[in-house]
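The next part holds the structures, each set out as structure tokens.
You will see two complexes here that share chain A, one where it goes with chain B and one where it goes with chain C.
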Partner chain A sequence: MIRRGLLLTLEIAVPVLLLAGYAVWAARAQSFYFPPLGTIQERFAQLWLFERVPDDLLPSLRRLGIGYVLCVLLGVGAGLLLGVSRVVQQAVQPLAEFLRALPAVALIPFGVLVFGFGDSMRIFIIVVGAVWPILLNTIDGVRGVDPGMLEMARAYQVGRWGRIRGIVVPAALPRVVAGMRTSLSIAIILMVVSEMVAGRDGVGYFVLESQRRFAISDMWTGIILLGIVGYLANFLFVQAERRLLRWHRESKGLAR
Partner chain B sequence: MSSSPPAVLEVASLAKSYPVRGGRTEAVAGVSFDVAPGEFVCLVGPSGCGKTTLLRCLAGLLAPSAGEVRLAGAPVRRPPPQMGFVSQDYSNSMLPWLKVDKNVTFPLRHKGIGARRRAELAAEALRVVGLSEFARHYPWQLSGGMQQRVAIARALAYQPEILLMDEPFASVDAQTRGELEDLLLDVWATYGVTTVFVTHDIDESVYLADRVIVLSRRPSTVARQVTVGLPRPRDQISTKELPEFTRLRTEVMRTIAQVGGGGPASSEHRAPPGSSRVAASP
Partner chain C sequence: MVEVAHPGRWPRRSFWLGLVGVLVVLVTLELVARFELLPARWFPPVTVVFGALIELLPTGDLWADVGRTLQGWALGLGLAAGLAVPLGLLIGSVEPAYRACRAVIEFLRPIPSVALIPAAVLLFGIGTGMKVFLVAFAAFWPILFQAVYGVQDVSPGVKETARAYGLGPLARFGRVVLPSTLAYVATGLRISSAIALILAVTAELVVGAAGLGRAIVTAQTAAQVPRMYALIAVTGILGWLLSTGFHAVEARLLHWHPAQRKEVLA
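== the complex of A and B ==
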């Protein structure tokens, strides 16, 4: 209990100290690139509470949301197919490995050609780059399903579809969720990058645009906002995971 | 028995071989036996003799290379609807994301049985195996012996006419094993379900069965059938004290020693090249 309290204190104290350090240092340094903390704070409140939220934050979140949901649907769907069928896997694996090795941002010019400068291009980039951890982890998860469970189901006349839904999917879920978590951070990165290319709105666009206007404090507010978005997304994800995979954590004897 | 009743399970010249590098290895070679309705039959044999392969053929999980299995007159080509199955690996047959009662009803849900009826069947089956209080636990919160009782409850809730069990008590401690044997005998007596029970434990086979079928070493054939006339209900202590029990277990043991132990396999049973993992039993 004492240890836990100490850890929690550290968790809060370290960022606070860093911020305080920055505030003291920036106030003295008078650096153009590192505006005083107070200025950044002020601009943050003016910009993001909540004037530009509908203009920049919501479009970003929409792209991220749609792109990520598509990643999950595609990754889990294709992963199940590839994991269950040896033949399909053999046929598609080299292609998948190639595409995975390809940096998604290299496809931005192609995306612009095909989809123009709209949301579709940005969503395309998110999907192309962030689907892989989900896909590959799903395949692994499906492969790792205990044959004993499947045999039990077969002995009790549970059909192929019933075995997939009732055993393969839940048994692979811990791996799938691990892939989804990696995928989420990649999706956020690609959201920002895609908005920096010929964008009209979005937090990524805002950061780049502020830099071009030499509005350095504004630029920093955008960066901080992205950090907050990433932190919150991960936090929500972990909370959902804890509920969904309680059985997995506890059956493996991990901390509750 | 004056005249033998029609068999519920008929195994005729069943053989199973697997492809291996440079040929095939035979696991089961021409096994034939019948099981009467309500009978409790144990299959014993030296370890690695192909007992599990044989049982998986009976269950319709493996297609035999030759011969046939008939259940209630119909050839078994896939797992039949009236069959319950309990395997050795209780922990692997439990679904860790489902609570005990849902594990029990898992096959029923896919059989299209309504939620209310499923709950009734699960409650009844868990009561029979003495796990009513643990219905809302996860299987991994239970001991190995309790998990195996859940597996038995799952088989019971399925309302099978025949129960196939593959060394179900092999991985629990001796004390628990005795309790599970008695539980199984109770269930068997109550429901009259025909049971085929694979084990490598000679005492267990004699204690449980009406008839012990002794299999030879790999590739397995029926070496001998021993009818067990011990009175029921059986008791871990008084049954095992009977001279008849001792005589029967000696008989089974001697048969196994002859077919699986010391001497070389007879020429027609000689292991083919590549099947070097033949049981080396004492």
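== the complex of A and C ==
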């Protein structure tokens, strides 16, 4: 009991001390690059509650949302199709592996060339960079389906669609979801980078622009905001995953 | 993907099928360009891109850029590993350390590494230091989480057995915890290697640090489209080589530790 209390104190005390340490140091040092906490907090409230939300945050989230949904639809759809046939899957695998290994940011100049500097370029970059983990994991998941189950379903006259919905999808789902999670963090990175390259709006653009204007406090508020976006996106994902995969954890005896 | 080990049969078939797949796509792209189904100034034929690549190969520029990108990748990844492995071992084995760091980690981890680009430019300028910092920040997390997970995943039975055989704490750490954790660290390194390359190229592309990323932008703004595609292809091949290399090293070093290894998603 005492041990638990001590650990909890430690868990709370360390971040508090770090923050306090920064506050004291920044107030004393008058560093140009590290403004006092109060200043950052003030600017954060001025900028992001909620003045610039429609100008910068919402466009970013819209691109992220559209791009990510496209990734999921394309990745799962193509993965299901490709996973069903071993021949096609083996023919596509090296290409998919290559495109996954290609750092997607390298395609930004290509996107600019073809799509110009608008939203479609940014969404294209998100899709082309973040679709691979979902696609490859879906193929993997489909290939990992127990063939015996499929045989049995066929013997019981379950139709093709019924087999896909009843056996293939549930069996592949844990892998697919794992891919979706990797894909989400890649999508956020690409959202930010694509806005930094010749952007007009978006949080990524705001952060880079603030740095160029030497509005250092503004820059830090943008970075903190992106941290919050990343945190919330991950949090929501984990919540959704728990619901979606509850049966899976229970069947593996992992339920809590 | 687990390939069933039929020596010389399945893998060979998958190799040929893969080759066919690549060739089909390349030929399609070539035909699309030759018949101008897509705007020709944006989509040059594959053979023209290949020509640009052949032209690039003997020039020192290409290799200098590859070297600069790899340098940022290597220094950043090395720095990340040097910090993350000891910290992960510590956090994983000492609970107070874990609790003390948890909140800070939870706060720092979700920051998309690229969001720090402007801050990195302020603090380190636009050279190698900035690139290394960004790469190291991004590559740090997967290694850290794999290391922590690896330490915590050592089976209690094995630890008890080692204790029963009279191994001291140091010997237990060195002979039981460390080898088992190394398997996870190797996986973390492989994941981080890919992220490190992304960050290195991003730093070059967005900020203009020298390397492949900047070369691609330069080719694009100069309207040297085939050259741009050739450089993108080089970047892809580099990424593919690194990932294949890490897979191979991982498989060879850790063949004794196959089934237990899992990727924890950072």
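The rule is simple: the second predicted complex is superposed on the first by the 237 of 256 C-alpha atoms of A that agree within 3 Å, B and C clash if a C-alpha of one lies under 4 Å from a C-alpha of the other, contacts with A are read in each partner's own complex, and residues count from 1 in each chain.
Rule of thumb we're sticking to: a residue touches a chain if its C-beta (ideal position, glycine included) is under 8 Å from a C-beta of that chain, and two chains touch if they have at least 3 such contacts.
Only a predicted model underlies this, so the values are computations on that prediction, with no experimental measurement involved.
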| item | value |
| --- | --- |
| Clash or fit (per the criteria above) of chain B with chain C on chain A | fit |
| First, second, both or neither for A:140, with chain B first and chain C second | second |
| Partner chain in contact with A:167 - chain B first, chain C second, else both or neither | first |
| Chain A-centred angle between chain C and chain B, computed on Cα centres after superposition, in steps of 10 ° | 90 |
| Contacts of A:158 with chain B and chain C, given as first, second, both or neither | first |
| Chain B versus chain C as contact partner of A:248, first or second or both or neither | first |
| Touching partner for A:219 - first (chain B), second (chain C), both, neither | second |
| Partner chain in contact with A:50 - chain B first, chain C second, else both or neither | neither |
| First (chain B), second (chain C), both or neither touched by A:148 | first |
| Chain touching more of chain A, residue-wise (chain B, chain C) | C |
| Smallest distance from any CA atom of chain C to any CA atom of chain B, in Å, after fitting | 11 |
| Contacting residues of chain A [partner chain B, same complex] | 146-149, 151-159, 162, 166-167, 170-171, 173, 247-248, 250-251 |
| Contact set on chain B toward chain A in their complex | 59-61, 78-81, 83-85, 87, 89, 92-93, 95-97, 106-107, 109-111, 138, 140, 154, 158, 164 |
| Chain A contact footprint on chain C (complex, rising order) | 1, 13-14, 17-22, 24-25, 42, 95-96, 99-104, 106-108, 110-119, 121-123, 194, 197-198, 201-202, 205-206, 212-213, 216-217, 219-220, 225, 228-229, 231-232, 235-237, 239-240, 242-243, 263, 265 |
| Of chain A, residues touching chain C in the complex | 6-8, 10-12, 14-15, 18, 33, 87, 90-95, 97-99, 101-110, 112-114, 139-140, 143, 178, 181-182, 185, 188-189, 192-193, 196-197, 204, 207-208, 210-212, 216, 219-220, 222-223, 226-228, 230-231, 233-234 |
